[in-house]
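Data block below; observations after.
In order of appearance the chains are A, B, C and D, and numbering begins at 1 in each one.
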Amino acid sequence: MKSLRLPAALAALVMVASACSGEGGEGGGSEGYPRNETLYTTGTAWGPPTNWNPIMEGNYAVGTVGLVYEPLFLFDPNENEYTPWLAESDEWPDENTHVITLREGVEWTDGEPLVAEDVVTTLELGHFDIHYSNVWDYLESAEATGEREVTLTFSEPRPQEWMNWVSARAIVPDHIWADKDESKVTDDPNQDPVGTGAYVYENHADDRMVWKRNDDWWGTEALGLEMKPTYIVDIVNASNDVTMNMLNNHEIDLSNNFLPGIDQVINDDNNITSYYAGAPYMQSANTAWLIPNHEHPALGDPVFRSALAHAIDLEQIVTGPYTNLVEPADPSGLLPQWDDYIDHELVSEEGFSFDASEAVAILEEAGYLDEDGDGFVETPDGEEITLTLEVPSGWTDWMESANVIAGNAQEVGINVEPAFPEHDLLIENFRKAEFDLMINNDRGLSNTPWTYYDFIFQLPINEQQTTANYARYENEEAWDLTQQLAAVPADDVEGAAEITSDLQEIFLEDLPIIPLWYNGMWSQASNNVWTNWPSEASDTPDNFATMWNNMYQMGAIYTLAEIELAE
Amino acid sequence: MTLRVNDLKVYYQTLRGDVHALDGVSFDLADGEIMGLAGESGCGKSTLGKSLIRLDGRMRHVDGTIELDGKDVPIADDRAMTPFRFHEISLIPQYAMSALNPTRKIGRMINELLRSRGVRPNTIAEELNRRLELVGLDPDVLNRFPIELSGGMKQRVVMVMATLLNPSLLIADEATSALDVSTQRSVVESMVEFRDRGYVKSMIFVTHDISLVYQMADTVMVMYAGRIAEKAPASTIINDPQHPYTKMLIGALPEVGTTTEDTRLEGIPGTPPGLLKPPTGCRFKDRCPIASEECSETPPLVEIDPGHWAACWKTGR
Amino acid sequence: MWRYMGRKIGIYGITFVVAVTINWMIPRFMPGDPVSSMLSRASISDPEALERMTAYYNDVFGLDTPLHQQYFSFWAGLFRGDLGISVWLYPEPVTDIILRAVPFTVGLLLPAIILSWIIGNRFGAFAARSKILDNTLLPIGYILTATPYMWIALLLAWALAVNGGFFPTAGGYSFALTPSFSWVFISNLLSHWFLPFLSMFVVALGGWAIGMRNMIIYELEADYSNYLQALGAPRRLIRRYAFRNAMLPQITGLAVQLGTLIAGALLTEIVFNYPGLGTLMLNSLNNRDFFLLQGIFLFVVIGVLIANFIIDIIYVLVDPRTRVQMTGGSS
Amino acid sequence: MSNIPGAPGAADGASAPEAVGERKVSETLHFARRNPKLLIGSSIVLILLLTGLIGPLFVDHGPNEYVGPQSQPPSSEYWFGTTTFGQDIWAQFVHGLRSTFFTGALGGGIAFVVGTTIGFVAGYKGGIVDEILNMLTNVVLVLPGMVVLIVAVAYLDVRGLLVQALFIGLTSWPWAARAVRSQALSLATRDYVDLARLSGRRTWRIITSEVAPNMSSYLVMSFILLFGGAILIAAGLDFIGLGPAGGVSLGLMLENAVGWSALQLGMWWWFIPPGTGITVLVGSMYILNVGLDEVFNPKLREL
């Protein structure tokens, strides 16, 4: 029978392929990376790795800074401390001078030693148009005052801001970067990165980035850190369900994505763990804010914003879309890691909480009434209020949350409709103040709450607001205080807390933006191959197991040395 | 005697019941006879043509027998009919233009057909070429696709193909109606020639064009409403019809070349009876100008003159 | 002969120009601005720097020239094989990115189309054999062809990958491997390829089977079939003719269905996160990467045109009717 | 779709039009009542349509409201279970059916109107008009519709059912145009059309009163195919996130189920109903169509 020949061939193919899959499922074979020497991670990269240029912030393959290129200091947000990294020590002879001494015996992977000129060159690159060009706003000069000693002189002391640079930015080698012109610096993919770090470039494809351990890394000797995985295969983010599946099959060791329903998986599978054993499972990474456009007549009114804030039932969001994977934010919006900076007394007095009837009362008192009987309030002048709450299309958890918020607002008579434009369209719109309401979390955990207040209060308002103050809130006093905060010495927590208390008073009074919930430091790990992941338990490490950009510099690098092969 | 049809009844099955398309048809066809079969559309002439070779899905053999060269032709049994087809009984269909597989070269298709009927093509190849030449075709047509031939050429190819195994009976069903007059003539002449050369023993030529019948047929049989009205030598039918229906049919012909179908026999008042529940008695009685009481009995087909049969109470006395 | 081909090529040429024009137009006349999207990633706070960089990127992307000039340089770039530089994967050329994805999509589409076509045709012809077969196989065919591509992909993924664990659920090959000509790699590649292939194959199969069944029934009712029956030809011969003749419109059907099949491949790839053009398209969409989106669109169109052209040639080769007409046979 | 032959029996129009017409209608009805494909297909479509129309009236909460416990399998209270957030999947399903019907009918309808108009005009007018329209049809036919749709819809700011249906309609008409054209082409040369033309009636009148009725069965079937096709295209668009914002449709349900890892979490009740809904609906339409074909086309009745 001729017609059966092809189906038969197909059946044979099925059998061959499934036989193969058995082999492939083990993830090894002679050509593959040995499973017990390889750490599979995901959740950091949103697109194929295309460049390894540490100056191209936001474009380079995640890990380029942290694994290959390293900063002078690490910042430990839990302890609120700076740890010397490429630096050996530093001192502040006066408030305008910072002297950094580099570690001895650090070598670039091409064999050249790390020298003071490298730091100077890295800073000099800021004279080109790159992301940290603004250091030269307050930095006067950077000089190599010794083979391994750099002296920084400031025209205006901004230690909080400067320490952010020191602990976040990677140092590049002078002998390679000094001669590059601007286009080289800003556009070159830097295919063959020469760094000082614990890992080197091994390989990449559109869906993965592979790093290989640098066995000559200085840290092994100097810090006693031994990186456990020989290879790190960082998988480009796929969809939630694909990632969930790979994690379920223990094909990946560490997922740094928000995975809906992961609580069920953690509860069902003892080999998949997160930082906390119960809700919220994850530490907090940043605050999701509801950002109103102050140019809108109603949203420009603090009373109206307050009513809106009271109307939102955060509990519903936390238990609904997030199934308790996140926690509601403190009314100050500051992250739990910044607890020292929160004025709890003030917050409990002035802070808002969910109370629909209170929201209605506030609206009524201020004259926001529903005169035309459509179920929604108008402004005291009788103008209709119709607001659109925008979140990026495809960000499913936010989309669902936006639906909840819109529903909450409608219940107290504020007409809010959700909308889901493309992410970039949204960015473009809010930069030009063409929006009513949106959710945003552009700023995350850092060495100082200054980054948050800079985000909230930054002045002046430009035609386009590209990195801060999307709400276009104008309060000179608050901005002054923010700038004062930048000038507080990095280790003066009390001094900083005094200023942040004043800032919180303004914040809670005016509610320029409304804190919603803390997005998690998404991290769920499989213990099948690697164990000893950070957790709240006392016998496990406490560093982050989240490999996002800038997280290596906040201690995630230690995790690579702390994990252990499973028995 | 080539063909003897005896009381043949073939009904069409429809939703509303059986259509009595052939309701007791009996006639003989002699060796070498070319019989024209004429009548209005729906009178059963095409059904008769089809019945002799292959009943289609809705046709049902109800009664009657057919004998060909002394052998019984089991028309009700599709499988048992197969040996007769092509070898003994063959067909030039109404749709001769599209009777050839459009994607096969003609020669190849003929060979495949022959082989499937148990004939080795090369034993017959020479004869095939000769016959093609006889009908005025270059044997090269065998290397062509049907689309490359004109309508008349296709018609002739089908004719040659249908008669290739020298069947006893050839049924030509409206075989020339799609052709222009001059082509018609040459095709008709070829058919007569084929009979003369003995390629076919006898032929039933189903047509609505009585003038064409007159040119070629030895005898003409006229059917009306599923029954035979009259059968006689061609000249008798034209010049001395006896059955009132035949008379009106001939009389209604305005001129040679016009077909009965086009004119719809406006000369005869009324329409043929429906065959779903055919009326009793003579089926022509409602339109018949000379009908009388006795016509409520079915008139038998009687030989009123030698070779001249008619079914009417008013004839043959 | 050349008239026919010339006409076809003419239509394809016009289609190509239309496609290129649509492609060029859509992004430029829709809201959104690639440069600011690019810069949003770079987080530049200094407004002056922002301006300078906007100008710089405008220059790179050619967005600061007048529209007609953009249009012509777009064409010029096209002929150089230069489709611009990706915004999302800056600074990689779009062509490079697409060329990496094309083999995966072609590797999925080509076997799925060809095998489903061949087997579907046989099934359809088989179904047309008897009423019982027709009434059992046919509804299955209709259900298959009515199944959304992504849903069958989901079901297969759920049954065979998530629950069964027989196949991997995502990706083009294991993350533990680097491409090489080794048995391990190729078998791994195949095991990742199989489920996306299967889901495309199954849906397409239903469509072809139904098409064939309908065609063959009309062919079996055709005059030549009737005539052959009257001449006592065996069923087998008649079926063979009918099958062959029914195949011809199915070849044209291949061209007509191509768009749907490609859409199916895109959806299937997305479900399995297969590294082909579909996944790439979704990514470029979500990242508003105009150049990449345009590039993919063009590649798909060019692919469709080439496929159409090949199908035309095949059709001419197998259908004597067109062939004869082209060589100028009588009438 | 080129396999549906011309209107049968058109030749004997003059003799007794009414009687013949009536007989044809009653005959068609007779076959229609006895055709299992037609009966099964149309009753499923009808049941689903009624579910979509009436179902929402019996659900007292919105499809996206959080009404119940989270992630519950089907139960007597929530027939199709609940989503991760505690939405009632039955409520989503009936509302989704409604919008799926809407998109299908509108998208298919637009494609039908555009396709048949172009097809009729091209086939009837012939000459240069035909040449141009045929060229247009071929160009649109060759362009991969879904890809064009993705690119175009992606750039839209506001996405609603209406816009989606419109776009689908505007890209999926070509094959209908092609098929109608070839039909009209053969009909246009028939005597009665010639007669109408000679008597000076306007093209539009001739098409609607003479040509179209003679291929009405063919047109009905084309519409059903376009209807089903539009549903599938819409589902595809919804699935990749290009669906109507804030709405409900079966495609969006699928997208959500996948986005929230219903497969991995074993919540089969979330992704089985919408997919089954689409498949069964479109499949029944196709089967209904075969039934119609058999009813309208006497040649196929015997099989």
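A few comments on the model shown:
As a working rule, a residue touches a chain if its C-beta (ideal position, glycine included) is under 8 Å from a C-beta of that chain, and two chains touch if they have at least 3 such contacts.
All of these numbers come straight from a predicted model, not from anything done at the bench.
Across the two candidate interfaces, B-C and C-D, the one carrying more C-beta contacts is C-D. In terms of Cα centroid distance from the overall Cα mean, chain C ranks first. Computed from the mean C-alpha positions, the centre of subunit B lies at a distance of 55 Å from the centre of subunit C.
Mean C-alpha position of subunit A lies 91 Å from that of subunit B.
Rounded to a whole number, the gap between the C-alpha centres of subunit C and subunit D is 23 angstrom. Mean C-alpha positions place subunit B and subunit D at a centre distance of 48 Å.
Taken residue by residue, subunit D touches two or more other chains at 154, 157, 241, 258, 263-264, whereas all remaining positions touch fewer.
Taken residue by residue, subunit B touches two or more other chains at no position, since every residue touches fewer. Touching of two or more other chains is recorded for residues 239, 245, 248, 393-394, 422, 425 of subunit A. Considering their complex, residues 2-3, 6-7, 10, 13-14, 16-21, 23-25, 27-33, 35, 38, 40, 47-48, 50-51, 56-59, 129, 131, 133-134, 187, 189, 203, 205-208, 210, 233, 235, 238-239, 242, 245-246, 248-249, 251-252, 393-394, 422-425, 427-428, 431, 462-464, 466-468 of subunit A touch subunit C.
Contact residues on subunit D toward subunit C in their complex (touch as defined above): 2-3, 5, 36, 135, 138-139, 141-148, 150-152, 154-157, 175, 228, 232-233, 235-236, 239-241, 251, 254, 258, 263-264, 268, 271, 275, 278-283, 285-287, 290, 299-300, 303. Interface residues of subunit C facing subunit D in the complex, by the touch rule stated above, are 11-12, 14-15, 18-19, 22-23, 26-27, 30-32, 131, 134-135, 138-139, 142-143, 145-151, 154-155, 157-158, 162, 210-211, 214-215, 217-218, 221, 249, 252, 255-256, 258-260, 262-263, 266-267, 270-271, 281-282, 285-286, 293, 296-297, 300-301, 304-305, 308.
Those residues of subunit C that touch subunit A in the shared complex are 31-33, 36-37, 39-47, 49-50, 52-53, 56, 86, 88-92, 97, 100-101, 115, 118-119, 122-123, 125-126, 161-162, 165-180, 182, 184-185, 187-188, 190-194, 198, 273, 275, 283, 285-288. Only residues 222-224, 226-234, 236-237, 241, 244-245, 248, 319-321, 324-325, 329-331 of subunit C touch subunit B when the two sit together in their complex.
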